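Consider the two complexes below, in which subunit A is the common component and subunit B and subunit C are the respective partners.
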Partner chain A sequence: MDIFALHKELAAVFGPSGMEADIALAVKERLAGAADEVTTDTLGNLTARIRGKGKKVMFSAHMDTFGLIVTYIDKDGFARFATLGGAEPDYLLGARVVFADGTRAAVCADGSYNRKEPRLTDMYIDTGANAQSVKVGDAAVYGGEAVTQGGALISPHIDNRACCAALIAASRAVARPKNDLYFVFTAQAELGMRGAKTAAYALEPDVAFSVDVTDAGDTPGCKPKTQVKLGGGAAVKLMDDSVICHPDAVAYLVSQAEKLGIAAQRELLAGKGTDAGAIHVSRAGVPTGGISLPARHIHSPNEICRISDIEDCVRLIIAAADI
Partner chain B sequence: MLDIPGILGKLCAIGSPSGFERPVVRAAREMLSGFCSRTEQDALGNLLGFAPCGEENAPVLLLDAHLDEVGVIAAGSEEGYIRFRAHGGMDARVFPAQGVTFLTDPPVYGVVACLPPHILSKAQAEASPGIDEMYIDTCGAYVPPGTPGVFDAEGFALSDTLYCAKSLDNRACFAALLRALELLPRLEPLRGRKRRCDIVVCGSAQEEARLRGAAAASWKIKPQYAVVTDVTFAAQPDTEPDGVFALGSGPAVGVGPVCDRKMAERISALAREHGIPHNIEVMTSRTGTNGDVIGVAAGGVMCAVLSLPLRYMHTPSEVIHTGDLENLARLLAEYILTLGGEAL
Partner chain C sequence: MKEQLIELCRLCGISGNEDEVREYIISRVEADSVTTDALGNLIVFKQGKKRPRRKLLYMAHMDEVGLMCKSATDGGFIKFGAVGGIDARVLPGKRVYIGKARIPGVIGIKPIHLCEEGETDKAVKLKNLYIDIGAPDKAAALNAAAPGTPVYFGGQTRELANGCLRAKALDDRIGCCVLLQMLQRPHDFDCHYAFTAQEENGARGAKAAVYSIAPDIAVVVEGTTAADLPEAAHRAVCALGKGAVVPFMDKGAFYSRELFTALREIAEKEHIPWQTKEYVSGGTDAASAQRSLAGALVVCVAAPVRYIHSPSSVVSLQDTESVLQLAWRSLNHFGGA
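Our next item is the complex of A and B:
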């Protein structure tokens, strides 16, 4: 199966932070035949192991997505909400969302909404005729469909389903690995890497790589400025707000990319973190690196990346497995 | 039957802010020991009580209620007046003219100084001074920097059902845990089921100081399940309807990513089945309770959060409804009896 089709299937599965059961099942089905064993844990992480004799290498890609959670429903059935994960109100206004049971809805602004100072408290979810099916505590995610056009992927939940697709594709390609490989699809990353924290503790890896999206800096007026661009290949993480990557992990990724002719770029992400942040300080410390997929408009209903960058990430993950 | 107002009066009278939990742990330990085979105070100041069920390989359930409270810390003295800092999240506007007890031995009493309205300038009257501009009048008594202090506030019954005291956040929930333990043996014959999980009660320390006590305790115990009990916001005329709960409307069952879905669903179902009044509280991202750290201890802990509505949080006059406390205890006891002998 090509990587676009795989991403499209995964992006359509409901799974905001804390509600990863459906996406875990979808990932598990797509790992069939590739993994020697697949396990789940208390927080909802899914781990696929491919046995090897060497080092214990952990790859982590979070499978939860940004979402909305209903906090209050008024007498007319309009739902107020909070977010699961960080949100830009600008991105939410007008978004079409979908609940776990398939109920569709729109995110709208009320009369006190101020365009200069947008606040979530001035917005609501309108479910139209299905108001009665939504309860306080129910969650919704962006409901759009993934499309590809001229090598670009436009889709909700590229963060981080495109990276889940990359990890699945890589796991299928490493049949008899040198190292003992653990592909971990983590829960609750959007809430501060909670899944990666317990997964890394349980696993005690010798080395780890987190696979996640990173902000591309190639849009008009982009702040903060960054060199990462769409089509530049897989991004080798040097640091973000949660981690300074281990020099050996960085050097290995850079040298493998050069040796194997994988398009790659160097990445410093500002203001955000990844699973690597939780993993590298687990127990007595884990040498940790990051392989990132450059993406635009992260956490909006229409994230954009390049298919070729996802494929470069797959190649770099396969190369990293031999560290 | 436990005398709940008596327990609240006794626990809330004790000054024990975060990091200085020994006095409250001493009293709470005495109350807890009758329900446990063993109790201890650990290195961080947590009170731990162990109540095994006697079955081999029974799952371990951690019941958490923090025992520390917010307060003040003496920061220095100027001309016999004590400068101080907030110890935990405090609103500067509640301080002027409050009585404060510093926990020296013997205690030093003081009053947060303020000017009478008659001599306030217009600018002074409209100003909202910060805690760093205030001082405590101890009539010249010296208080070493670093000494903790708490508001002077005797607990009292505000009505037949409402109780008012400082530090009901969160000693009211500790009282609810005691009540749940008392209810358990009475509930067993009614439900035709013995308790099949080991209980570890954690009267945790330093919750108001970034949840430190529960973090350490949960790593030590490594339970399969945890129920965190803490206070939440009760409705009053100035609150928005979203996320607050009327006093007397029952405990709130937390729903959100930190709260295990199956646990929350089972607890709500039990409340409906047994006619226990309750609310659903949406807890987005962090809950602000010990659940945030217990859930991610070691390889992960399945966690539920049960909250007791409370008005005027972090003031000398916190108010709860004793019916909510009783219903929280009932709901917790019902839940405990469903654990064990099966996978959740």
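Our next item is the complex of A and C:
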């Protein structure tokens, strides 16, 4: 299966932070045959192991997506919400969302909404009817479909289902690995890398790589400006707000990319964190690196990346498995 | 339960100074083992008739929000900082007590005729307030209130109409009281309890407590903010008199769906009044419990509290009763599940 089709399937599965059961199952089905064992832990992380004699290498990609969670429903059926993960009100306004049971709805602004200082508390979800199916505590995610055109991918859930697809593709490609490999699909990353923390503790890896999206700096007037661009290949993480990657991990990724002719670029991400942040300080510390997929408009209903960059990430993950 | 809650609220223990509360609990607790750890958490074990499949932990924090002396002015006024999240708007004119000696004082504010134009329209800031103990000068003030001395709210505990109670420190002496009540009863299942320190400054005690206990399931018993005031129904969070609050998430944790659903079902089945939290705010020890070691399933049962983190918070005793009932029923359910 090609990487776009795999991503499209995964992106269609409901799974905001804290509610990863369905996506864990979907990932598990797609790992069949590739993994020696697949387990789920207390927080809902899914771990696929491919046995090898060498080091214990952990790859993590979070499988939860950004979402909204209903906090209050008024007598007319309009729902107030909080977010599961960070969001710009600008991105939410007018977005179409879908609940676990398939109920569709629009995100709207009420009369107190101030366009200059938008607040989530001045917004609501409109199901178009007194939707009895929606209860306080129910969650919704962006409801669009993943499409590809001219080598680009437009999807509401590139973060992080494109990286989940990359991890699945890589796990299928490493048949008899040198190292003992653990592909961990983590829960609750959007709420602050919560799943990765307990997964790393349980696993106690010798070395780890986090696979996640990173902000591309190639859009008009983009702030902060970065060198990362779509089509530039897999991004080797140097640091973000949660981690300074281990120099050995960085050096290994850079040298492998050069040796194998994998398109790669260097990445420093400001204002955000990844699973690497939780993993590298687990127990007595874990040398940790990051393989990032450059994406635009992250946490908007229409995230955009390049298919070729996902493929480069797959190649770099496979190379990293031999560290 | 009411009498014990009143006793607990009269005790003083801001974060990091929980001794008085801990000593009270030690003197009342009925358990098989009671130990105090390095952070001042009280770790309790109660043996039941059976061993549960999953190790159970019930937690409540002993500390309350308060103030701490920082310095004194030449004129003998004491400057202070907040311990825990305190809205400075609740402070002016309030009675306080300083340190073990409980030196009485009042939180002073600049008189109205000294204010600049427009100043009274703005919310007061902590740095513009001071504590007046009647000290004549700086040396006398520092002698009575050395930097680092805890300051306690002086809110008088009183029963209000309609089964409501007004007190300081309801957050989280409610939880301590519920746990003590549970511990009086014979248990079907083994259960661990933690009366934690330093919750109000970031769920710090809980980190150590949960690390040493390593539970599979952690149930946090709390007081939570009720803003059931005339304005903004969708930001009211929860309401007094509507029962135990079972939140699905707060800023610190996304509660286990399994346990959240179980508590909801127990409440319905046993006719225990319950509500959920209709706004995402605050955080609890669950944040630490969920993500310690290889992780634990967490859930919270709370009583709605108005004017929480102020010298005079208000709870409905009926709600605290519902919290006790739901927490107790959940122990037997989780023990057998």
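In this section, the second predicted complex is superposed on the first by the 322 of 323 C-alpha atoms of A that agree within 3 Å, B and C clash if a C-alpha of one lies under 4 Å from a C-alpha of the other, contacts with A are read in each partner's own complex, and residues count from 1 in each chain.
Here is the rule we go by: a contact is a pair of C-beta atoms (placed from the backbone, for glycine too) under 8 Å apart; a residue touches a chain by one contact, two chains touch by 3 or more.
Keep in mind that what you see is a predicted model, and the values were worked out from it rather than measured.
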**Study point:** Combined model on subunit A: subunit C and subunit B, fit or clash
**Key:** clash
**Study point:** First (subunit B), second (subunit C), both or neither touched by A:201
**Key:** both
Review point. Can A:82 be said to touch subunit B (first), subunit C (second), both, or neither?
Key: both
Check your understanding: Should A:136 be classified as contacting the first partner (subunit B), the second (subunit C), both, or neither?
Key -> both
Practice item. For A:43, decide between first (touching subunit B), second (touching subunit C), both and neither. Key: both
Point to revise | Doubly contacted subunit A residues - partners subunit C and subunit B | key: 17-19, 41-43, 69, 71-72, 80, 82, 84, 136-137, 188, 191, 194, 197-198, 201-202
Exercise for review: Please give the residue numbers of subunit A that touch subunit B in the complex, ascending.
Suggested key: 16-19, 41-43, 69-72, 80, 82-85, 135-137, 188, 191-192, 194, 197-198, 201-202
Study note, to complete from the structure: The subunit B residues in contact with subunit A across the complex are 224, 241-243, 255-259, 261, 280, 282, 284-286, 295-302
Check your understanding: Where on subunit C does subunit A make contact in their complex?
Key -> 216, 233-236, 248-249, 254-255, 257, 260, 276-280, 290-291, 293-297
Review point. Hey, which residues of subunit A end up touching subunit C in the complex?
Key: 17-19, 41-43, 69, 71-72, 74, 80, 82, 84, 121, 136-137, 188, 191, 194-195, 197-199, 201-202
